[in-house]
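By letter and in written order, the chains are A, B, C and D; residue numbering begins at 1 in each of them.
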Amino acid sequence: MSLQISIREGIKTITRNGSLFFLSLLVVSISLFLLSLFGLVTINLYYSLRILDEKIEIIAFLDEPADITTLKSNILKIHGVRDVIYVSSDQALKELQRELKETEEVLSIFEENPLPASLRIKLDADYRNAQGLEDISGKIMLLRGVKETIYGGELVDQLKKITKAITAFDIGLLLIIVFSVIFVIFQTIKLTIFARSREIEIMKLVGASASFIAVPFAFEGFVQGFVGGLIAFVLTIITYQIAVVYFFGELYFHFWWFFFGDIACGIIFGIIGSGVAVQRFLK
Amino acid sequence: MSLQISIREGIKTITRNGSLFFLSLLVVSISLFLLSLFGLVTINLYYSLRILDEKIEIIAFLDEPADITTLKSNILKIHGVRDVIYVSSDQALKELQRELKETEEVLSIFEENPLPASLRIKLDADYRNAQGLEDISGKIMLLRGVKETIYGGELVDQLKKITKAITAFDIGLLLIIVFSVIFVIFQTIKLTIFARSREIEIMKLVGASASFIAVPFAFEGFVQGFVGGLIAFVLTIITYQIAVVYFFGELYFHFWWFFFGDIACGIIFGIIGSGVAVQRFLK
Amino acid sequence: MISFNRVTKIYQKDWVGLKDITFQIKQGEFIFVCGPTGAGKSTLLKLIYKDEDPTEGIIKVLDWNLGTLRKNNIPQLRRKIGVIFQDFKLLQDRTLEENVAFALEVTDIPPRDLRKKLMETLTYLRLSHKRFSYPFQLSGGEQQKVAIARALVRDPYILLADEPTGNLDAKSSQEIMNTLFDINYKGTTVLMATHDLKLVKKMKKRMIYLEEGKLTTHN
Amino acid sequence: MISFNRVTKIYQKDWVGLKDITFQIKQGEFIFVCGPTGAGKSTLLKLIYKDEDPTEGIIKVLDWNLGTLRKNNIPQLRRKIGVIFQDFKLLQDRTLEENVAFALEVTDIPPRDLRKKLMETLTYLRLSHKRFSYPFQLSGGEQQKVAIARALVRDPYILLADEPTGNLDAKSSQEIMNTLFDINYKGTTVLMATHDLKLVKKMKKRMIYLEEGKLTTHN
């Protein structure tokens, strides 16, 4: 059978059963939208947690006259240290001012800058836990020019635990939603093909081969998935915009990933769904 | 038409189109499950945030010899104060010990209990914000016997903002899921009835009244909703148990609310869904 | 009982189903509706049970003017009419017995009478041995007999038989014809659409002859 | 070309469809399959295009032994056979033209030949004026003609006609019969199931007579 005929047949299959196609198209769209939306939530959760994780650091306050260059390079030699940033006492004050903007006057009461200079020590991911912090902090304390170090300690492990639980739960939910969505899409497509089982029966009797019957349905599944994915994507963007404007101010969103993700999922589910469903009637 | 016939016809409608019924039953179950699951998430989010909100308090450290009874009653007179709890210096130490369990030895280095006695002041919901805290704290500071007060301040407003955003976003998501679920259930039921439109046509020609045709379908919708709700409930419980055991240790869950909620939603969606769908063919 | 007054039925795309048809039928009559393929026989019957509405003209059936009959009352009209559809229109997911019983269930007949009447009809048409078979398990002729049974079981006021013997052998056809005459003798008005002119001539009954939607002979 | 060797078909619940049937049909023959309602005529035809499988016995059609024919090859068998189904089996969501064209599309005929063959057949059976109508917009006889057109359009090796004139008037019936003889004359083997014994006697062709699934006359 030529591709031309299959596509023509596929298009006819859609237009002939317009309302059937439309019904299941909407279900596919909404299902994919839910999936995509939950993907958005998961990604943002993941990013927030990662940012939180990266904020774990050791701050080392310095003695007044300190050889910063040597200190920095010594600290960088410690296993597990990723980066060291010098914050002068002036910078520290400015940062504080920026954070407290509204209460600026409070600071003007100080005659002299009371903040000491400090080093911010970023760690490798493996060391961002209570043990790692303690070890590295201990090593830093031994260096000359370091007055004091502060770090989260126990709290960090607590945070890690919570993070892990939330991530696991989110992935659990995501899995449930993925399965539900695939399931709903498959069942819906099955229903639309079920409604045409009599037609399929007749086609077989007239001598149509399995592929001649299946290809137009697969094409229908393809279009359904494609358009459904597109609709899901548009709905996701709208939701994203609303969420950004009204609630979060900023959210992680990758236009093309979501675009191709939605459409790819739609197409894959659509083709497999109708392929599997039509198979049942071709036996 | 007698109720007996309707029910018998309804049961036959189900058994006759077993696979059709089964397909859409599964879709209904999964959809309701998603809804119910998201309800669970929302309720727990709500409870967590409420607990967080209730933790907002003012702590007033007391001078060594203080007339606690007078102080308490005076504070209680302040507008917006809900409750005042006295924490003696011993209690404070014990609490700290409980919280830091593992690092108990740390405390043993103190020769004397360094913690002062304090009053914990719980506020009415309306005052649990930066302004309220500041006002009330100011009033408390004026009382004799109070050495110092501490409270969240700016941080509380920050927290409030985040809480509001999360709540709003969650409700937004919930709304989307509710609509999606209702939509999917309706469309699926429509599809199953669509597959039987020819039968409905014949029934009309043989002289069946609209209700004679519709009632069995409504009954089918009822059973579908009931069983679907039950399945959704069971799935929710399973998920809840897994979440409790593996992730959270504790979650808010009201057995009967969810039980009746799932089944009620199922029945309502089922009956309305099939009612609306069959109506289309009765015109 | 049934009257057509200048009835015209135009289908989509200006296709003429019936054109300017006028006739009356009295209670208890037996009438053949004849004509070649596509003449409008089925259309005429469909107008009587209000499956189609006329484009023009007035149709009266029993005490109803079909033009003003409210939608809610259509089932009442149809319950008084038994129809043997040309394409049988059996419910595919019901057994033979359930198909026939369905015609009774839509009326408010008490269950006991229902079973009695049902058994009577099935036995009479010799369908009892197949009563638990589904339509797809029946031969063409057997399906046609089920369609006949469903129309007869209600003792209708009017019986519309659209080509009721097309799939039956000579012997069965004769039996069915006898049944129709029998039920007509008991008072039911019968309209039978057929293209078997030989049969019609033999029977010497009143005939409505259609050709391309127009009434040409009417005696 | 077609041979049945001790073929028995038992349906569910021990219902005998066909019992111990043996016969041969040579290429180019014209054969009537007769018998009363429920005798097994349609069953016999269904066995030939492998819609049903025999419970016992061996069926050979063209060069295939149907018992060992692989599932994948069934479409090939069916493309060589034209079937006029007793219940028409038209695709309800396709127009008359599309229904007939479908039978050609499943073969690998080039598009141009397809249109030519299609037009020829529709014109020959006088269906062209209705070619954009859907089955539900056609009269019973017209639908039957579409079923006939679909079977003929492919110039099949074997034509199975199950009651092909049940819904047609005398004139159309005669035309169809002539068409069947015509196509048979051109080399197609034709099996026609009918209960119209008069017709069969007139035609003086070979006949297979079934009664309750058993072959009783076979000349």
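Odds and ends about this structure:
Throughout what follows, contacts are C-beta pairs under 8 Å (C-beta built on N, C-alpha and C of every residue); 3 or more make two chains touch, one makes a residue touch a chain.
Predicted, not measured: the structure shown is a model, and the values here were computed from it.
The set of chains touching chain A and also touching chain D is empty. Counted as hops between touching chains, the shortest connection from chain A to chain C is 2. Of all chains, the one whose Cα centroid sits at the greatest distance from that of chain A is C. Chain centres here are Cα means. That of chain B falls 61 Å from that of chain C.
Note: centroid distance chain B to chain D, computed from Cα atoms, is 66 Å. Spacing of chain C relative to chain D, judged by their CA centroids, is 29 angstrom.
Centroids built from CA atoms put chain B at 25 Å from chain A.
In chain B, there is no position where the chain touches two or more neighbouring chains simultaneously. Chain contacts in this assembly form a single closed ring in which each chain touches exactly two others. Applying the touch criterion to all chain pairs gives A-B, A-D, B-C, C-D. Of all residues in chain D, only 49, 51, 72, 74-79, 81, 83, 85, 89-94, 98, 102-103, 105-108, 150 touch chain A in the complex they form.
Taken together, the chain A residues at the contact with chain D in this complex read 1, 5, 9, 12, 16-17, 198-199, 202-210, 212. Contacts from chain C toward chain D in the complex involve residues 11-12, 35-38, 41-42, 86-87, 137, 139-143, 145, 162-163, 166-172, 195-198. For chain B in complex with chain A, the residues that touch the partner chain are 19-20, 23-24, 26-27, 30-31, 33-34, 37, 41, 103, 165, 168-169, 172-173, 176-177, 180, 183-184, 187-188, 190-192, 194-195, 239, 242-243, 246-248.
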